[in-house]
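Order of writing sets the chain letters: A, B, C and D. Residues in each chain are counted from 1.
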Amino acid sequence: MPHQPQTGQTAMSVRWMMIPAVILTLAMVVFPLGYAVYLGFGGGSPATGFGVANFQRLAADPSFWSALRITFGLFLSALVLQLVLGTALALLLNRYDVVRGLVRTAILSPFMLPPVVVGMIAIVVLDPGLGAANWIVQSLGFAPLLWLASPNWSLLVIALIDTWQWTPFVALIVLGGLQSLPARVYEAAEIDGAVGFRRFWHITLPLLGPTLLTAAVLRSVDLLRFFDIIYITTQGGPGNSTTTLNIYAYKLGFDFMDVGYAAAVMIVLALLVLGSVLFFAGLRKRVSW
Amino acid sequence: MDNKQRTLLPTVLFSLGAIIFMSPILWMALSSFKSPLEVTAYPPSLVFEPTLENYEELFGRTEFLHYTWNSFVVAGLSTLLGLVLAIPAAFAISWHRMVWPATVSLFARMAPGTLFLLPWFIMFSNLGLSGSYTALVLAHAVVTMPLALWILLPYFDGMPREVVESGQIDGCRGPTILVRLVLPMIYPGVVVATIMSFVFSWNYFLFALALSGFDTKTAIVASFNFIGEGTTNWGALMAAATVIALPPLVLTFMVQRWLVAGLSFGAVKG
Amino acid sequence: MRFFAMSAVLALAMVPAHAQDGFDWRKHDGETVNLMLNNLAWTQQMRDRLDEFTTKTGIKLRVETYSEEQYRARLTTLLQGGSSDLDVFMTLPSREAPLFQANGWYADLTSLLKGDATDPAFEYEDFSQALRDSGVVGETVTSLPINVEGPLFYWRKDVFEKCGLEKPANLEELSATAAKLKECDSAITPWAARGLRGTVGYPLGGFVYNSGGDFKDADGKATLCLPGTIKGIDLYGSLLREYGPPGATNHTFTQVIDLLAQGRVAMSNESSNEFSTLMRYPGRSEDIAVGVLPPGADGTSKPIVINWSLAISGKSQKQEAAWYFLQWATGKEVQNTLAQNGIAPSRVSVFNGDDFKAWASESRPRGEWLEALLEISQTGTSLYQTPTLTRTPEAREILSSVVQQVILGQNDAEAAACAVTEQVQALQD
Amino acid sequence: MSSVAVRNVVKSYGEHTIIEDLSFDIQDGEFMVFVGPSGCGKSTLLRMIAGLESFQRGEIAIGSRVVNFVPARDRNIAMVFQDYALYPHMTIRNNMSFGLKMRGTDKAEIERRVAQASEILQIGHLLDRKPRALSGGQRQRVAMGRAIVREPDVFLFDEPLSNLDAKLRVEVRTEIKRLHARLKTTMIYVTHDQVEAMTMADRIVVLRGGAVEQIGTPADLYHEPRTRFVAGFIGSPAMNFLPVHINGETATLATGDQVQVRRLGSSAAAPGELGIRPEHIGITAPGGHGVECVVDVVEPLGSDTLLSVTVGDTPVMVRLPGDVVPKAGDRLQLAFVPGKALAFDANGARI
């Protein structure tokens, strides 16, 4: 929302109404973050002592770098897929104005499902030996696939599962953006001779910039921290092929019980998410209109 | 374009889309009515004699009903708490045209959830709240509050300031204005925020895994037991998944019209 | 942590247990003890019997069960958070005993054992020496064994007969047998075993030892870069690659047992614990045969044998009431009942008892199973990763990644095994 | 440059008819205004000419070409929208050149036309800004500039001034007239404001409920309205209507006073209405005889004085010279300027 700069003091101040929310945030977010930073810097661990030892260890840890690469791979592939497919879906929905009834339910359902349930469905459907997915693949005359069990494809399969779940969400956001675009501008474009793909490229896409950015921010925050579905399906495998930073940190903390080091990895991850949000915030100026 | 083509193409396209998005969910529901032998049959059977065996296993042999109730309590109360905090905050943020609080509330969503587990556990243990509903509700409010805030802000921003100003002139104070004048105007936003908060709280499993106690375990956490009980009991697993998936799907279905409108997250313009 | 002393203990177990009427089981009547259990066969059997404990002692039990991954996450949070809510938990001593003890997460059972809170009829010495040792860190008793288990070789007798095959005489023949099975019956997968990260060590151990390998060199330094070890890893990996089910790298025991139980797999090396699960499936009690993993070409047979145990949390406020539960749950009576349901008892008197023997003689597979267990508890070892004191899970993870590379054909066994030498030695503290 | 012809055009949404059987011609180079109350179909008509709306029957021709099936982009028209409809994400320069680019006009030509248009409209200094950085008046000029660079056959304006404040409106109005004088291109202009229509138009089409009430020059409409509707719509303050009984050239008011009316023809005596514009009413010299009234409100405007008075039960507006300032409550005698009182029948038709 474009806010006018404030020129005078508003008579009524309701700032105090934020206080309860601020208190919750302080107690439930700021304190744990502080504690995690304390752990990350070796607090509570007499072995390493207070310092940057955990972070130095990161730099030399091939597993960390591998997890970082995988995190980015998942983030980029899923984000691009979802934005492209979501925009395409939104354009279709907008064109045919069919967001009602069954279509609406179908569109809303996937991302309202618990990730745990999505993971469970994936386990059952994508099982290489017994799953319905391979049955379909074989019925179509192709060789059965390994799906999540293939170290080369597992990350992409995870990205596809997330895309299945969240593309409709992106589509809805984009649809909201589309429907709020000024209709007159489209009429002006029609008179100016921009139709079909040219209209999409010169008018619709640039106008959707801020909307797509919002969708990208919301999705990247989730994608960089991706956890639930991997945790349920592959637990980071096969090999390290789906060990994202979050999964790696979890393993460090809860399997290897290396809490300080796990905290260090999580701090890096949190900074990464922050960085991506700032990056998109920086883009905002360039795409807003 | 003649009329037939006009309706045929989108019909085919959207049916295909609906199949892609719905079929895994339907497959889950279908599988939950298969007998243990049938559920792992290959090639999978589409025609079979439905059985309630899996649900009997689920509700009979485990305390799944109790866990489902826990899920309702935690999701319901954390939604309530989230809204009670987010509504006045969103009002204040919108009225004073502040930018930073909404951004800060995003921070809660930036850190990986696993990062919170241990600090929270220690915190709640020291407060004697470990394993209580209170701890779970507070933890889940960290999910619901920012979500509600983000959904509500565009609604507050879209409300004419004159309404509030005329309320002031009529001698009302902030809270009265909020409750009497503003909320009735933005109730579709409140509905969307409520549904989304409830669903996301219901869906969240990590916090409950660490913070729930013997009596407060949620259905989602309990459902993990079906992965890894000797052999994976796919039928019971799918029954549990279906039961867990039901409330979000039913809620979505009930308020779908408003959800579609409310999910733009103020994405409309810069 | 070895089981060489089993036979010696068997003799000791003949000492009769005198039930003492004087012990007051109801001393903690009305208290509540919180249990956290990993969802194993033992747990499932116990779940239906916990009421008996409450009836006997008046102590109420609150139980949480989780599957292994969630169990670890929750247990770690509770222990690291210093929770006093947790009284009794399950522990895998071979994996975590030194670390847990170093962190003060175990209550000291030594003094409880000696004190008058122990029923004189309990007889700690009745647990086999090796199983007792598994729970002793330094001088301190930290946990009590609830079972004895190890990977066993399961195979489909009917399929073997149809194809004119015998149980392979040694590991070298395993591949040939699998190849023949593949040829003879294309409907059945010849071989299945764990491939999921972190879980491979347990069924792999026997392959390594029987092939003449080890997890440390002659100087005691951790390494996988030994000829026998490489051979074992190669065999394990290539069996899964050539003859295993699709997606083996995501399989742990649940999937393997599933395949076996559904009759889709002809051979496997999987936990003895799952025997009773397997027998519940139609047809399996007739066509499954079970035995010790075939020895190496030179006859070496050194299988893996471990135990799960019960421990009391170091932070528990009700250690004595919790101790009552441990005594009951690991006591002769309970073990005897569980043994009737396919849980291999950790007590010598039960293992050798008439009831268990009678139960085992009721069917061919049970007899084979009992015999195999007896053998592995005499010849087995509980070490199935490179030696480390407190970082066992990481060592197992590294080992798994080596094996996965072989399963996936990304690397040959030698290159994969020798590449991690530095890594595993860094864990050896 | 082109003429525009609308012939027997009908448009409806289902049962609801928006435009019923309209026909008229617009001359080449003419400034034509469509005026009427909201919902009269004037914007729809304009958008039909633009090619943004379809219609069921009849035809529309631009020049000699029937454009019924020609898409908007090929009609060689340019349109200025009420809310300007600038491309928010493009600079002003790109906004103006976009239509030409889409047509593949060469770069130098685009440059030349943009430079020329921005000089005409004095928006040269805004070229590198984006629309959101411009004031309403500036945006309006840009919208016109965008139309100008296209060098279209016909300019279409859809209520282009209604988002501007009163002062700017007058300025831009003059500017559009000046533009028309300079370009001599056919312009069609839609407004609901009769002042705009009167000041700008060569000819005006008055629309009501999808049908033409009257087409004519501003003077025609002012002096010779064909219906009570047109008479009331054109002129400010609006024409006064008094219930009368008409007999020949004489109208008898409810008060019994008799007034001369100018008739188009003759008909049997019948009840009807008398229409007289406020500026065509004077007051008699003191002591003279006229229609008696009571002054309710006095609005001195300086140049004029507006009086709201009551004749019998009927409120009447009177415009007097600025130096005459009666007081509320005064009783005055009104005199109607001879030949300016018009007669309407019960159906609102001029008689």
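Annotations for the structure displayed:
Throughout what follows, a residue touches a chain if its C-beta (ideal position, glycine included) is under 8 Å from a C-beta of that chain, and two chains touch if they have at least 3 such contacts.
Just so you know, these numbers come straight off a predicted model, no measurement behind them.
The set of chains touching chain A and also touching chain C is given as B. The chain with its C-alpha centre at the largest distance from the centre of chain D is C. Top-ranked chain pair, ordered by C-beta pairs in contact, is A-B. Taking the mean of the C-alpha atoms as each chain's centre, chain B and chain D sit 56 Å apart. Chain geometry summary: the mean Cα position of chain A and that of chain B are 17 Å apart.
If you average the Cα atoms of chain B and of chain C, the two centres end up 40 Å apart.
Residues of chain B found to touch two or more other chains are 40, 118, 122, 224, 227, 232. Among the residues of chain A, those in touch with two or more other chains are 129, 250, 253-254, 259, 289.
Contact annotation for chain pairs lists A-B, A-C, A-D, B-C, with touch applied as defined. The residues of chain A lying in touch with chain D in their complex are 182, 184-185, 187-195, 198, 202-203, 206-207, 209, 289. Interface residues of chain A, counted against chain B in their complex, comprise 1-4, 6, 10-18, 20-22, 24-25, 27-29, 31-33, 35-36, 39, 89, 92, 95-96, 98-100, 102-110, 112-117, 120-121, 123-125, 129-130, 132, 135, 164, 168-169, 172-173, 175-177, 180, 210-211, 214-215, 218, 221, 225, 227-228, 232, 245-246, 249-250, 253-254, 259, 262-263, 266-267, 269-270, 273-274, 277, 284, 287-289. On the chain A side of its complex with chain C, the touching residues are 127-129, 144, 146-151, 231, 233-240, 250-251, 253-257, 259. For chain B in complex with chain C, the touching residues are 40, 117-118, 121-122, 125, 130-131, 209-210, 213-215, 217, 221, 224-225, 227-232. Put simply, chain C touches chain A in their complex at residues 69, 72-73, 76-77, 80, 99, 189, 195-198, 245-250, 259, 264, 391, 393-394, 397, 401, 404-405, 408, 410.
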